[in-house]
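In the two complexes that follow, chain A is the common piece, with chain B as its partner first and chain C second.
This part shows the complex of A and B:
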């Protein structure tokens, strides 16, 4: 336990913040602990937090995908257009998921095979796929989807649990297994730490990156469809600007923006913390924009505070010898000397 | 792979920045010609005025953004900073109607500079990556202006007369083609910064930091101060853009300028500013903004193409710009020694697309 706390300092801090938030929420609001509120807390952001999981993989791998929210909108628009043109809903869903995979494939090819920085490639994707959604729907809003489809987004499936929440829990467990217990996960960390070393150790870096971008596209498309089901209608602006919230949650979870470090446990804690803060402030009638500001400060503080602590420590005569060991899970940038 | 771009009889290599700028000029000219053929009455003074008035805001933001990107950072908070400055200035003018216009401009820039210094402090002295800081302040500044505004808007009627007139204030007019004051101010900012970056010591140092932060640090450059001041500069220019936003739009709410941060990055990238730092020019960023604005406003005029195509084409444009940039930079980063050209290294780079990623990871760039 002590060992875990030492190597997972950020996760421990997050856990403390989370518990603090929950305690404040319980004291401040009588309705907070109700099953309905707890389910709602997740339900209202379910599409975002599902994309957060796949974004964690992408960022640990040393890349970023700014286009996720636009792919959500694009896939939903493809679904709505196909459905509007008379396709059965199941077929429209398949086409939409395929369009997400296609979007990921295009960006992945440019990033992995041409070696261009994902920040700009997916910025182009952010603008372009949102544009494609607008081309498909113009200023129309498409509704009238079959009941089973909207029920998936609006009704509970198992007891108090809606389909989306079950999917999120499954995705969370799957992400943990993939990142912590599988060869693919190890490879993702190695690439994020030092792509050159990964290449020399025989990892097919471009192939893995390409697959990650395709996965990111498909998961975003799925999230877009879920959002469409929950709203019951699709517009070209669906999920606009979600990318910033999604990336914030990943980084708040202790994932290094430079890749190579971060854990799914940290990201899960960040998700719970952000949702609880928003929910608590919402129950206390605090404006949404103030909530965003609090999350923004938390994001900066999450990196700033450990940095300042480290600075303060290193001024002492004897620096802790385990500083290097702990770096794996710290917010520190892995220090690799340039080749 | 080994092809060289030469110009003039001396066979002197043309610098990649010039090629990018000329390409952009060519693209702008080509799109004007093409739209001129398709659309009746396209080449009018009115259209010219509309483009040149609306390009001012994005051009300023793109230039400020480039200042930061060149040092291998990024500023995602410029939209919020511009909105903040616009609101504070509008609010000030609403209650101090006879304040001198110059005071209003300085106020807007000061607000922006203060916000920028906050970013700069956290990045330079707090050791927090720029993308994290400015993602946070994108939200924080917006929260700040919302709290300041308290749900109120400043409307056009509350502003002094000169604010509204400033937008169409024309210095020279040639057959309907106006050269407006706001455009001249923006151009002046671009020219001054372009000269400073090309000729002054801090400008060259900014490129050095962006090319290789570690090397710059080890060479004894004051990297922290320079990065700090580049954020202050970006903030001040965002403030000026906020002032222009107020002049152009008139009615200012707490959400003024939302989304401009990504537009400014897009314009800088289209303008040939490398997201990996160390290369790009202010003139390029201006041309990038101008190309985007021209296409945006031109597409609306083509009846066959729905205006909804705008963003889709813009996305393709940004992607095209990055690909062109990578082709050009690969060609120009080839070692210059005669006969010693290390083509093997080039081939490795061509077959191992990881190369670009490697730079990001190893040298601790903030724009991974």
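This part shows the complex of A and C:
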């Protein structure tokens, strides 16, 4: 336990923040702990947090996928267009998932085979796929989907649990197993740490990257369809700007933007924390502007502050070696500064 | 659009930094807003309105037809103080002046009725068409007695409105309705939507003259139900002979975001060299268009009209850039919406066709079938005021 706390410092901090948030919410709102509210808390952001899981893999791998929200919109637009043109809903769903896979494949090929930075490639994807969604639907909204489809997004499936929440839990467990207990997970970390080393140690780096981008495309497409089901309608602007919240949650979870480090436990804690803070503020009637500000300040706290502190420290002369850091962490530079 | 949102986020981040810097201050603010509604909630829910309300809204849609005749000839109810209720007053977004104005009216009504003011919460940005779902859902969880919403989407809001109705919460839409009326108790309409089309067409005719010319529409979001209804109504009116020379060449969307609206207005001028008028049925769009034309020195060539706030439009009307525009009072709209919601929550009135009531200083109204939608009930506020250089003040 002590060992885990030492090597998982950020997760521990997040856990403390999470517990603090929950305590505040319980004290502040009598309705917070209701089953309905806990389910809603996840349900209202379910599409985002499912994409957060796959984004974790991509970022640990040393890449980024800015196009996820646009692929959500694109896939939903493909689904709606196909459905509107008379295709049965199940076929439209398959086509939509296929379009997500295709979007991921194209971007993955450019990143993995041509070696262009994913930041640039997926930025193009962000603009391109959103554009495609808007071209498909123009200013129309398409509705009238079969009831079983909208029910999947709007009704509970198992007890109080909607389909999306079940999918998220399964995805979370699967992500943990893949990332922390499988060979693929090991490879992803190695590549994220140093792609060159990974290549020399015989890992097929391009192949793995390609697969990750395709997965990211398919999962985003699925999330887009789930959002369409929850709203009961599709427009070209569906899920616009979701990528910002998604990446925020991954980084807040302690995943390094440079790749190579981070855990699914940290990301899960970040998801729970953000959703609980949002929910608590919502139940306390805090305005949308302030809500965005608070989540933004969390991101600053998690990304900027540690980095700035690190920079600040490294500028100072190293403290004398006897400053009692023998018992300290093995990851951290000694902190006591000889002011 | 992208540019704007990114910019907003940046500002947000900076604000957030300030929040972090002044951690104590920020926390206090949050705590203050929190305690107010919460302390009242438990006491409130046990009080009068809640027990009686359970069957109210669920029954309402069905009884509509049945009570038609009885309510129609029924007496007029004067909505009066009957205890405090908890309510949420949900605008399209909180950063456009008309919505705080509407809330001001709602607060005035709450004070008159001896109730705590409704919580005024909503998405930070009007470009966020589905952001209201979260606020609706939270209001239902809180178990508010009434929900008042200006719908920024289409039927996307219907599932959450239905779940509110299912929980026995009256959902009063104001400013912008739920198109299918699903989950909605009553829509408090600012003006007749068909009349909006007529007023806009008439302003266009008066500005462009008998000879007519080309004009374009600068709307809010493509999703906004009220905007789309007005534009449709205007297109209908334009079919008439009197308007034969008016040529509507384009409809663009500025998302009720100032920067986007300016860009769209300038793009209109670029793509239509013969354009003579921009008609913006949104208070954000009309100011943005007038500002853009003024800055570019295009006012002699392209005029601006639509729905605008006198305070924001005065200079452009006096300069001749926006010779005519129209609007109603948002304060009155919020006031009336609160009276209707309060009346429904305290069961003084019923969401049924023919129900007449007196709403404080604004006088008597009657709930009627909404002629501008296939389903749904409405209370029509009205009237329009058309502003020009003579009466803009």
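Keep this in mind: the second predicted complex is superposed on the first by the 302 of 339 C-alpha atoms of A that agree within 3 Å, B and C clash if a C-alpha of one lies under 4 Å from a C-alpha of the other, contacts with A are read in each partner's own complex, and residues count from 1 in each chain.
Just so it is clear, a contact is a pair of C-beta atoms (placed from the backbone, for glycine too) under 8 Å apart; a residue touches a chain by one contact, two chains touch by 3 or more.
For clarity, every value in this text was computed on a predicted model and none was experimentally measured.
Shared-chain residue A:300: touches chain B and chain C both.
Contacts of A:44 after superposition: chain C is touched, whereas chain B is not reached. Residue contacts after overlaying the shared chain place A:287 against chain B and chain C alike. In the superposed model, A:192 makes contact with chain B only, not with chain C.
In the superposed model, A:141 makes contact with chain C only, not with chain B.
Contact with chain B, but none with chain C, is seen for A:116 once the two complexes are overlaid on the shared chain. In the superposition on chain A, A:183 makes contact with neither chain B nor chain C. In the superposition on chain A, A:29 makes contact with chain C only, while chain B stays out of contact range.
Shared-chain residue A:158: touches no atom of chain B or chain C.
Counting contacts as defined above, chain A residues 139, 241, 244, 287, 289-290, 292-293, 296-297, 299-300 meet chain B in one complex and chain C in the other. Interface residues of chain A facing chain B in the complex, by the touch rule stated above, are 62-64, 110-121, 123-132, 134-135, 138-139, 192-196, 198-199, 205-206, 236, 241, 244, 247-248, 251, 257-260, 287, 289-290, 292-293, 295-297, 299-300, 303-304, 307-308, 311, 333-334, 336-339.
The touching residues of chain A, counted against chain C in their complex, run 28-31, 34, 36-37, 40, 44, 139, 141, 143, 154, 230-233, 235, 237, 240-241, 244, 278-279, 281-294, 296-297, 299-301.
Only residues 74, 122, 126-129, 131-133, 135-140, 142-144, 146-147, 212, 214, 254, 259, 262, 265-266, 269, 275-276, 306, 308-316, 318-319, 322-323, 326, 349, 352-358, 360-368 of chain B touch chain A when the two sit together in their complex.
On chain C, the positions that touch chain A within their shared complex are 1, 5, 9, 12-13, 15-17, 19-20, 26, 29-30, 33-38, 41-42, 88, 93-95, 119-125, 129-131, 133-135, 137-138, 141-143, 154-156, 158-159, 222-223, 253.
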